[in-house]
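Order as written gives the chain letters A, B and C; numbering starts at 1 within each chain.
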């Protein structure tokens, strides 16, 4: 039985000398981003008196002639092609409403999911009635963003075997800006667990499935107990991800793996303590810098 | 005519019961109980199906003790069980309101474990319990009464909920079914169980309980509940018999 | 209370984990998260404390004021509780939403403190039947991350430890009229004995086992829980079963045992941290709300 009561300690500021990248151009609402009118205006900016001003507090990003300001702590802003992990909030007539940590609930249309057995046909009235048997309120899914509606709501689809209802595992919620955009967001980590890094900040940890899933793909959830060793790996990963998020490090497969390896010297429950978090994140950062160099 | 649902509190100052100024008797070393043993309950009289207008009702009276009445109605809203527990202003000489806080919550939790609310997803049940006289251990009696009223209304339940109270004096002696005086000076426990399933559906315990006394008191309460159970079943069956229509002429 | 919705598979995962004594964050069934305690955070009060367990954050302020003793207890002071569920904690608490939870918590607090050993009420009496100290304990829920009751009672104990009630003298002049005089020295105070103050341990039943200090996800998997309030000496001052499910009497007996054991260790650790904080005196760097 462990009991750790302590006095609070001020959080240590990240040492700024560690970063080798160029300093970011940080702006607050109302700050001038640029006075050059040839730039195209992106999100987070507005024009006034021939000057481009920022409307959110964040980092200025320039891509060729497009300038935009990205806020650092926002709700998820979806782009087409993003992988997201979401939770079903409502079952409606021909669609499901999904919570993806965005401003509006995302939509998963009945026509955008795979039918059991991989059939390709028009959805009938029976399919509508059977919607609840497939996805209920509270279920978790992994999906891809198909399109963005005019009001900003996202339309998702699970038309591939790798997407669909998620089984046993742990969900970790972090800020969407900490997820690095990569080619793939589904990883089978070397430590023995699998991870889905949703662009919306929802990270799903689960055990690597032994054999390939059948064509039915995710309709029947496996409710058998997960082995203790797999469970330990998942718990350790969860604490590592929370540690990285607390120190504002970008999350991607390499950073998570390095953090996991750095944490092996500590007990899993010790990873909740602030000083241990600082140590392992420091070590991770060193290794990542060595990797880049 | 508009109904005044606020309770009339009485004048703010100047109206205080003379009982408050009376010299309290010195608390004796031992809680003297006259006429019954430490694990004996007072005799109970139970009737179901008293109110003609309600969907279900019940009345419980303890010999020389509390009197509780309960009625169940179907409301117009969504699937929920609304519980309302009141003590009549004339139920006891002192207000004792501090001690009664949390009674309605215990009632709600005890009944929620037993009532199959999933069978009534779109219906609202209104339950109203009135304690007409408080002579100690009225709260568990109120819960028993409410369960009976629900059963009388024909609502599906896993089992009847029966309640009992125990108290522990300063000497450490545990008494079942305390009177009001005994309750006032000792630590109290209210326990409600579902006797057939042997499951505890509600538990509230206040005051100082040292060592293993809470476990002993719980066991004593459970025995008390088991003894009361057949009586409740009898009263339900007898009230059901009255509701069954006489056999028609074509029955052979 | 704030709650999260979980899928069936997630609940099954948590349930099996608890059975193997390995929760999702690696803790065992009887382990608490890291608890941070700080006293004297609000300067306008007689005593204050702030406790943070995981994502749950509670602030308690104690104000001692002079009042008249209650009629049925003329030789004692008394304690009044008020719990405020701030809308900052979760959007569910906006407007009247937090009132129900606030009343439930304050009823529970009254019950825990309603006995002789918790707070020495006789020491709060200045003049029987006429003047006494009334302790107004205000609890403010800043953030809700599971396990509210434990955090609140730890915070109340820390705030009471921090409370410094000014000493008063009762002067009687020739006509027999009594006057109360506050001592001039601001450091001449009376401290409260917090040895009898109980702490709540919430035990949530998940599957066949019970866990201590449940997170919001674990609370969503548990149908019933038992709250036990135990003081430093191991006396149970209050016990309550919460939740819609029913419990086996055997499991309640086990939970009582676990609750007492865990509470004892909690009291010992808490007291040592409070003593440590006090011994640091002026040298202690006040963190407060800026971290």
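As a working rule, a residue touches a chain if its C-beta (ideal position, glycine included) is under 8 Å from a C-beta of that chain, and two chains touch if they have at least 3 such contacts.
Just so it is clear, the model here is predicted, and its values are computed rather than measured.
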Chain nearest the overall Cα centroid: C
Chain of greatest Cα-centre distance to subunit C: A
Inter-centroid spacing, subunit C versus subunit B (mean Cα positions, whole Å): 30
Between subunit A and subunit B, centroid-to-centroid distance (C-alpha), Å: 52
Centre-of-Cα separation between subunit C and subunit A, whole angstrom: 36
Complex contact set, residues of subunit A against subunit C: 1-11, 87, 89, 137-140, 166-171, 221, 223, 225-226, 228, 231-232, 234-236, 238-239, 267-269, 271-274
For the subunit C and subunit B complex, residues of the former touching the latter: 71-72, 104, 107-108, 110-112, 114-117, 224, 226, 234-249, 252-253, 256
Residue ranges of subunit C touching subunit A (in the complex, touch as defined): 5-10, 12-13, 16-17, 19-20, 22-28, 30-38, 52, 261-262, 265-266, 269-270, 272-273, 276-277, 284-285, 287, 291
List of subunit B residues in touch with subunit C within their complex: 16, 20-21, 94, 98-99, 101-102, 105, 109, 112-114, 187, 189, 193-194, 197-211, 214-215, 218-219, 222
